[in-house]
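Report on the following structure.
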Amino acid sequence: MCLAIPGKIISIAGQYDGVFRIGKVAFYGIMKEVNLCMVPEAVIGDYVLVHVGVAISIVDEQEALLTLEYLEKMDEAKELKFPVT
Amino acid sequence: MCLAIPGKIISIAGQYDGVFRIGKVAFYGIMKEVNLCMVPEAVIGDYVLVHVGVAISIVDEQEALLTLEYLEKMDEAKELKFPVT
Amino acid sequence: MKHLSEYRDPGLVQQYLYELHRITQGSWTLMEICGGQTHSLVKNGILDMLPPGITMVHGPGCPVCVTPVSVIDEAIYLAQQPGVILCSFGDMLRVPGSSTNLLEAKAKGADVRILYSPLEAVQLAVANPSKEVVFFAVGFETTAPANALSVIQAHKLNLSNYSILTSHVLVPPAMEAILQDQENTIDAFLAAGHVCAIMGMEEYYPIAEKYKIPIVITGFEPVDLLQGILMAVQQLENGEYQVQNQYARAVNRQGNILAKETIHEVFEISDRTWRGIGNIPCSGYEVTEMYRKYNSRLKFDLNLPYVAENKECISGAIMKGLKKPFQCPNFGNKCKPENPLGAPMVSSEGACAAYYHYASTQVSQYS
Amino acid sequence: MKHLSEYRDPGLVQQYLYELHRITQGSWTLMEICGGQTHSLVKNGILDMLPPGITMVHGPGCPVCVTPVSVIDEAIYLAQQPGVILCSFGDMLRVPGSSTNLLEAKAKGADVRILYSPLEAVQLAVANPSKEVVFFAVGFETTAPANALSVIQAHKLNLSNYSILTSHVLVPPAMEAILQDQENTIDAFLAAGHVCAIMGMEEYYPIAEKYKIPIVITGFEPVDLLQGILMAVQQLENGEYQVQNQYARAVNRQGNILAKETIHEVFEISDRTWRGIGNIPCSGYEVTEMYRKYNSRLKFDLNLPYVAENKECISGAIMKGLKKPFQCPNFGNKCKPENPLGAPMVSSEGACAAYYHYASTQVSQYS
Amino acid sequence: MKTSCPLPKFDFDVITLGHGGGGLLTHRLLQNGVFDILGNDLLDQQHDGASFPLSGNVAFSTDSYVISPFIFPGGNIGELAVNGTVNDLAMCGAIPKYLSLSFIIEEGLSMSDFFQVLLSIKQAAHKAEVKIVTGDTKVVEQGKGDKLFINTSGIGIIHPGASIHHKRIKPGDQIIVSGCIATHGIAIMSVRKGLEFETTIVSDTVNLNHTITGLLDRFGNDIKFLRDPTRGGIASVLNEVAELTRLGFSIDQNNLPIMEQVEGACEMLGLDPLYVANEGIFIAIVNRNVATDFLAQLNADSNGTEAAIIGEVTLDHPGKVVMKSRIGGKRVVNFLTGDQLPRIC
Amino acid sequence: MKTSCPLPKFDFDVITLGHGGGGLLTHRLLQNGVFDILGNDLLDQQHDGASFPLSGNVAFSTDSYVISPFIFPGGNIGELAVNGTVNDLAMCGAIPKYLSLSFIIEEGLSMSDFFQVLLSIKQAAHKAEVKIVTGDTKVVEQGKGDKLFINTSGIGIIHPGASIHHKRIKPGDQIIVSGCIATHGIAIMSVRKGLEFETTIVSDTVNLNHTITGLLDRFGNDIKFLRDPTRGGIASVLNEVAELTRLGFSIDQNNLPIMEQVEGACEMLGLDPLYVANEGIFIAIVNRNVATDFLAQLNADSNGTEAAIIGEVTLDHPGKVVMKSRIGGKRVVNFLTGDQLPRIC
């Protein structure tokens, strides 16, 4: 459930219909208006996770790198590869 | 204006939507519901002139014959015919 | 079809024509009041068969032709309001308003329905309680009882979503307006049979008397028309000016009393502007105060800006019998049925359209 | 696509698989909570690559699957009311109610619109003041802030024609219901990353502690899932039961505080019936008294007769991880995506549909 | 037309958008519905088109059918669509052979109505001896269509004796109408919202190709012109030919075959039957020498019992259609402007 | 596509019911509009069908186009309708020659939009070297259509070297896609009410017949099968062939050409590009021996720069399409059930 994908904030408008903060978020070059009121600290250039038109969190770049390096921090997984069919 | 044609009353229902007198009127075999409240004396078999769904008068059979016989009552018009192109 | 085919009998037609040719000595101009009569004369090719001394001119008796631009605009305006269903007889849809017509408004999204009868509009209002149903109530005296009935029915059904936009006109005031015109050339009238089926003959005696003009109440079939013309010419040749009733099978002296009562229940006499002719005092019907909530003009608080008639159209002169359609410089070029400049080119009952569509081979050079 | 493609890297996937095969000694049953995770596992063909000792079972985290028949019936009923526009996420349209679904109701004339966001439903309400716009607000904790925002926005815009039909469910109560089942075989959970992006991690510690079960908050891409599985298996092999966060790039311990505030502004916790599972106390959200005029159930005074679930569908057992879809006797014969018996066959996130659509070559014998 | 052929069992009782999506529902609808009912050796290729050998002079015609209601007194849109294109091909002097069939369905159409239409298509194609060889099905949203539209396009082989061209029309040629005019249009009008009336008139939709082939076999190039006067009625066809040939077309109202009820309906609604749509009839313009024999053969055919010579081509009034009225007067019959609207007032 | 060709002068700025009535308005619309723009020797016969000599093996195909909006990023329904039927004929191994063209117009369509579509039709037909030889125009009431539907049907001559039939597909044959998938469907989706997004993606609608002819010239019957994967996407085409041949179809996700923006839109809406509609691409199944040369020729063609071998036919998993995922896993690619609905939640 809860399809949410990361997109990059391209621009931020002050208000959503005079009520909420909105911005344009790019996903692979396509752009969608997204409600940003749940991520008030997000700035242009940040990646946000967007679900049904609402940004629900800012992607933490540091943590993202750590996930990708997770295995390297495990001593045992250096050489061999699992043979995939 | 005022396209009205003679049709024969085939049946009479008491009421139009609970309000007015209606009947079925035949024109050359096709049938239409017609409001009969302006011709209260009309009975089944009578010919009525119908305009926009309302019978506006009963065709007087005697007068109809007189119209067709009009020329015969004029002495002068007995023999010759006018040559139509 | 009984009471119809008999009056289309070619043999009888020939006898009448013979008689007409025989008795016609002078040069007479007759006006048939009613568009239905024009239609029948042209469609049956009767005009070319008449003696050369007889000229038929086509009267104002086509509600499509005489409904003013401003009323068409009102109908279009109402049709364009969200939630309004505008119902109309079919031939009103092509009549030009000041900038468009109902057909085009419909094409652009207005809810316009063609109905056979105003009583069906009432049914539509019953079936669509969340919509406002407006019936475009045009017509002469013939149609007034049906339009009035629709209001009475809506009232008895306690409908709050039905109203009529009236453009009702009356024949006798129009006849007088024509007769009072300086240039008038009309020698006799064929009065409109179906109008008289409702109204009877009484209103015509004073006119015949005052203007010394024969008036023959006439039906719509070829035999009717020829008999009516014959009766009028007989009077003219004899110097008479009576009211005669050719259409006695449908018309009696007092008319349909119930129908007149129905009219007077709902309508009162009012001034009315006629397209091409202008305002004629006391020449129309408007909904009475008692039924004001069924009057679309009051219900929707209509107050559209005044729009002048198209000056290029000489329909006034045509409807008064002063000109023939082919004498209009626009006839058949700038003004055609597919894009009429004036109302008489719209309905096939309109004098200009009747000439355009059904013109006999002799007059077809003008089309 | 940054933050997406990196987690689909085949080399990285192979390394994780190697490590997973290397460390897996025991026989472990893991449940991924979220339908999106199921979707990704199946679509990427990951299930066949796992060590034989690891069995993945698919949790109840698909709002399409757990919305009860009676709520679908409510949505259909509302959609069929004249003047109502029912807006919904696309995949709710095929879910069977007791006698039909929204797609068929739409085909028969109901005004049903597919929208990307509840905020667009508010715009629709603004644009259609004479209509009632109802948003079918299904979802887990992830979707609750957006649905709540739509109510707040409608309120600020003073809209009287917007309301939401809620079927909001919560993850932790469902996890406990599963763990409390007599036949439960689940050894570890992959918790739903996007739910935790909103809610944070706090609610999971007591569960891990109480049931002595590892819980790894996990993302949705192949690398995320494999890392999550690896972390869970490591715990299991080591006899641990902690709450771990694989999805730290999007989830932090306290969650999104503003989002939680938004939820609590509009919603309060309520009992909720889950399709196939039954009533779970305190497992859902309902609109608070303060926003009652935005609650479609109250606004339209919904009171439909109770409808029992289809007994032939074993979706409860499937969503609790007691059965696999191909163990259902109806799977692939009486129950197919084009005519689903139960909700898990509807959305491609539903466990049964996921198996049916994306089943790997090994399991495809069952489809 | 009701048939006893059972409806295939479907999971849906109405057509939904999914049936047009190109996925499984579309596939099933076509497999279990369309192909099962209409199947033949060429259609069953299940390609995006059909292939077959063809040689000679061919005729190619298309029409979309948008009639409302789509099931009407005397028929439905399915047989109309088959007969319409079959007849258009026949009017080109061709022997119709292959049809394409394309549906635009509004979601919500009942499956059983759809299958009633399909069965009528099958029967009409069988009767006309044409094969439906390729097709298409689209589904549009509620409010974006009118239950069912059908396009048929057709290929025929020109009859070896045929030489149909308006340029071959000469003064003196006779104008023949094969049956009663305005029947179809009035049958449809009788069920139009707001204008309904009771009648036993039903549409006369029928395939005319066998009738035409029989006439071409015998009269060959003495047949100058053929046309089925559908939309716009016989007035429109005659005006078009008059405009193309710059000859005069003179017809006699007394000779026009028309059913009494149709005349009654036209009187009531203020319509002119010359402009009302037809289906099961055609207009032929033939050499004067063969007119009587042509008429005799037509009168002996079940599609031509009411056929009549209604007029002739003349040098008078070039480019115009003139009708002698019942009472002997003459009038020009013009093009109709737009739709014929009921003339009430 | 905007053109500088001036709009003919009409009395109406929108199409009304009268334009479909068969009378003068119809006549004028056709004379001054359709015939003027599309006119050619065969169309100008103004008969109810066209006649022309034809011989050989012909292909015949039909499609109705119901796309909304009818003017969309990258094109309009007119060129789509021409290209669609041209491509269907090409997929039969035919050289498209003649098209029919049938409009169903909702009243209120603006004249200028209609003429924009007509001009696109003219240009598309010119580019594809096909003649529009017969047509039809119907107008339906407001709310009974969706501005403009078009049916085209087409006749082509089978290329002498062509032998396209699914029965000829054998294990080892290579599966080639001629361009990026899902482009057209996503371009349309980007302007759908309720799902709009900003993108530079435009429809790739184009005629493929010249490309196909070039391939048939050189590779002849080594081309076993051709299909343009329109509605239902490439998954539907492959499933249909798998079902017909009872062979396995194995494809590799890594080799599927797809534009980045299209992928982004699919991620956002939860759509699977395998099921999204295409326009300007085709799938070919060719003999393994010629696959590389076939691909090279395609890559040198402007319609095939992104072409790729995406998989092969196999004896494994008969009747099923199996895709190797990016990470090396395998999954069955099934038929889509109904319409693909955006998967949001």
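Should a chain be cited, it is by its letter among A, B, C, D, E and F, assigned in written order, with residues numbered from 1 in that chain.
Here is the rule we use: contacts are C-beta pairs under 8 Å (C-beta built on N, C-alpha and C of every residue); 3 or more make two chains touch, one makes a residue touch a chain.
Chain by chain, the UniProt names read as follows: A, B = Hydrogenase expression/formation protein HypC; C, D = Hydrogenase expression/formation protein HypD; E, F = Hydrogenase expression/formation protein HypE.
Keep in mind it's a predicted model, so treat the numbers as computed, not measured.
By the document's definition of touch, chain A and chain B have no common neighbour. Averaging Cα atoms per chain gives one point for each, and the point farthest from that of chain E is the centre of A. Relative to chain B, the most remote chain by averaged C-alpha coordinates is A. Once the centre of each chain is set as its mean CA position, chain A and chain F turn out to be 36 Å apart.
Separating the centre of chain A from that of chain D, both taken as means of CA atoms, is a distance of 20 Å.
Chain C and chain D, compared by their mean Cα positions, are separated by 70 Å.
Across the assembly, chain D contributes 1, 4, 10, 13-14, 49, 63-64, 89, 103, 116, 120, 139, 143, 337-338, 349 as residues in contact with two or more other chains.
The set of chain F residues touching two or more other chains comprises 16-18, 24-25, 260, 263-264, 267, 270, 327-330, 337-338, 343-345. The set of chain A residues that touch two or more partner chains comprises 1-3, 5, 27-28, 52, 84.
Of all residues in chain E, only 190, 197-201, 260-261, 263-265, 267-268, 270, 327-328, 343-345 touch chain B in the complex they form. Residue ranges on chain A touching chain D, taken from their complex, read 1-6, 8, 16-17, 19-20, 27-28, 35, 37-40, 47, 49, 51-54, 56-57, 59-61, 63-64, 66-68, 70-71, 74, 76-77, 80-82, 84. Contacts from chain D toward chain E in the complex involve residues 103-104, 106-109, 337-339. Contact residues of chain E toward chain D in the complex are 11-12, 14-18, 24-25, 28, 107-108, 142. By the touch rule above, chain F contacts chain E in their complex via residues 16-27, 46-66, 68, 88-89, 91-94, 98, 100-104, 133-136, 138, 140-141, 143-146, 149, 151, 153-156, 158, 164-165, 227-228, 230-233, 236, 240, 244, 275, 277, 335-340.
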